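Paired with subunit B in one complex and with subunit C in the other, subunit A is shared by the two complexes that follow.
And now, the complex of A and B:
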């Protein structure tokens, strides 16, 4: 497990956070998939992320992906939203996933754009599709959905076929433009 | 020629308060925007001071759809993501799904998938470099890129019946085995059609002084910035980032002992350029096509016999059509897999699988609640990640460089917006 050193370094630096590496997946025969995640509280995220990027044992120079998940109906889930940071170290060629859990009514996560600039659009996307705010983001606007939509379509309580936005879409004609 | 390579070309910016800037809306409908992209450009004369991209015109909720389609059905949607090389999206999707199910593919399936993935890469790069030339006014280059794409379409059609929306992979395998003589026709294509086409391509573009002057030193991004901006694929490699998932996280035939009998991983070189500009990206892509051809030749030499799908008793693949139509067991088995209250049941958990797609790292992050459709099907699209750096690359350049940079990033709007 190449990630073990990185996790050990994070545990040593942040003993108060009690990092326990959990596999993303455990197969029925007991093996795990070799991909591990750590739970990070939102208020400590920036510290952890900066350390993960800069420490020579972790060196997660790249934020490979940033995704939101709505665990509303997920079996056994106690928290609603997770923002998942998929970190990648090109130096050590290992990956680690960080999860930050947030809840209604006002899900806020600090923005990591100051650490990885590549987080800019993915954070906008999560804001657009899940309604999770990223505090400190330089330009937090909707990115995929048009202006004027108030819902967040990837939330689990949003129906697949929408809430009639398609029918209510205003048609611009020469007269109304 | 602009030589702005710095990230904050403030020297080129005029004071905005003097009201001397022009706003130009570039797109959404414009032949050089590769789909529907909308750029809001603030111009000082012909120089771009600021660029605000507006995306989302092709947003069709692919990730939401993914939560309602089962693991085999969704492959059809992945075809529609990067339509330059749909086969690579299929492979990426099922690579992640197989990681979730914990399936080890059969050697023949790995070989076929490797071949088509590299064919997809050639197909994608030919179009990308050709379109890049087209945007800069070199129509001939575009046509020379399109000619050798055609036989790849034919080869894919032979394989799965569709030229374009191939939907070729399935959980634990592929739709059907390669037809007889298919590998010979690929070999003929790689030996007879592709090399002269690439030669012509290079002569037309790289040895063309006008073209080179248009692309050299344009849209430069440094090694560290490329990493920090989450760039992957040819765009990152053109900035000197040594990263290729085929080498770093080997899968399919890129891993040692891929057939379980000690076969070596295919040998190839990862082309790296250090310029970080449009020309470097084109050079990297041109060389990658040659490497892909070499990979395919090796895989054809080692092509194993045997089944293409994992065995039926592993309970993950659809049975063969002959079995479905001519035996009752096959029919029952088929229904068990198809019916929405049965289907394939992965373990509860999450998995991330990524492949080196032509544009960069194409990955899927799957969350499974144990049901027959994913709970969440996050796609990590290389276009989306690569495009966010575009306004930064553009600042300080001439308006005629906009299309040069845009073409070199190879933004596919359908993948960008999903």
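And now, the complex of A and C:
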């Protein structure tokens, strides 16, 4: 089964969502990369993800990756944030990407940890670096930044050199050591 | 017979203390005995977080052979080492760990800041990377390079040996505050026109500024 069958199955199951597969990459000569993504509204994500994992035509057993994107000042972007789910079917050897777009303020996406257990740490990472909350996550804490940081460093409006976090340490001198 | 009869006679009196011949003997033992032994058996603790650590491994291996300088016994416990080699970039989450490791080392102790990243942040001018560990930690020797050549690392170890020989058995507390460049380059090193010794020391001591001041 090819990716097209999985997309067709999703389109047949969720006709009201009007899934249009878009290529991840388009080459200058007009061909595309053969890898497609679907836009999923946040409130239907759990339903779509569970169907994508369980239906015999899709069978996306594995969540390869989960990433966040900040589209601030991106040409043509309507929503500010996206969460991207990279799916792989080990049964059919096909891949599909789901994108969920959310907006300021207080971007919230339902957590898929109940469907793919491995989403727990990637969701913590996206929460840490982008400030996107995942509703229903069992343990939504920061994972990379130290405790006490209140910002989300991968947001585009965060200054590259930070807001003084790298200077905020006590000085150990020879006298105090 | 009193105890004073067994002590050497005083050779000089300055203010509130008297120097005896025994003091001279102790000084000689310190200078030529303890210091000599100590500088030829430095126990490095490599705090290797990046490619500088790989280069340090090359120095410790057979080709460059750090054992020639008596410091081949790398210990990964701060309690067993007296030379901290910070090799690689230090991020804001790692700096408190590094400071704790430094305070856990027993006196006397020395610190080498190895490579561009540990000394200045290097190319990683971002929110997470500390722009020079000498802002928060006393550093004895800075090694330039990205990463430094093994010869540079050997020169750094030898600079530490010169510090040990000059500084005596004083602890780092007694060596005084801060961020001084306490050793001059070896006499065989000729500095370029833009790197006079004074300006070198100045640059080493200059605080790292987030932004250059406006002209």
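What we mean here is this: the second predicted complex is superposed on the first by the 167 of 177 C-alpha atoms of A that agree within 3 Å, B and C clash if a C-alpha of one lies under 4 Å from a C-alpha of the other, contacts with A are read in each partner's own complex, and residues count from 1 in each chain.
Definition applied: contacts are C-beta pairs under 8 Å (C-beta built on N, C-alpha and C of every residue); 3 or more make two chains touch, one makes a residue touch a chain.
Not measured: the values here are computed from a predicted model.
Q: Thinking of the overlay built on chain A, is A:173 touched by subunit B (first), by subunit C (second), by both, or by neither?
A: Only subunit C is touched by A:173; subunit B is not.
Q: Please indicate which partner A:93 is in contact with in the superposed arrangement: first for subunit B, second for subunit C, both, or neither.
A: A:93: touches subunit B, not subunit C.
Q: Let me test your reading of the model: by the given contact rule, A:106 touches which partner, first (subunit B), second (subunit C), both or neither?
A: So A:106 meets neither subunit B nor subunit C here.
Q: With the two complexes superposed on chain A, say which partner A:145 touches: subunit B (first), subunit C (second), both, or neither.
A: In the superposed model, A:145 contacts both subunit B and subunit C.
Q: Considering only the touch criterion stated at the top, classify A:16 as touching first (subunit B), second (subunit C), both, or neither.
A: neither
Q: I want to verify the contact counts: of subunit B and subunit C, which reaches more residues of subunit A?
A: Looking at subunit A, the partner in contact with more of its residues is B.
Q: On the A-aligned overlay, A:61 touches which partner chain: subunit B = first, subunit C = second, or both, or neither?
A: first
Q: Kindly classify A:160 by the partners it touches after superposition: subunit B alone (first), subunit C alone (second), both, or neither?
A: After superposing on A, A:160 lies in contact with both subunit B and subunit C.
Q: List the residues of subunit A that touch subunit B in one complex and subunit C in the other.
A: 144-146, 153, 158, 160
Q: For the complex, which residues does subunit B have touching subunit A?
A: 55-56, 59, 61, 63-65, 67-68, 99-100, 102, 225, 227-231, 241-243, 248-249, 347-352, 361, 363, 365, 367, 369-370, 375-376, 378, 380, 384-385, 387-389, 417-418
Q: Mind pulling up the subunit C residues that touch subunit A in the complex?
A: By the definition above, subunit C touches subunit A via 92-93, 95-96, 99, 102-103, 125-131, 135-138, 172-173, 175-178, 210.
Q: Provide the residue numbers of subunit A that touch subunit B in the complex, in ascending order.
A: Against subunit B, the touching part of subunit A is residues 23-29, 31, 33, 35, 37, 61-65, 67, 69-70, 73-75, 84, 86, 90, 93, 95, 97, 116-122, 125, 129, 142-146, 153-154, 158, 160.
Q: Spell out the residues on subunit A that touch subunit C in their complex, using ranges where they run on.
A: It is residues 144-146, 153, 158-163, 165-167, 169-175, 177 of subunit A that touch subunit C.
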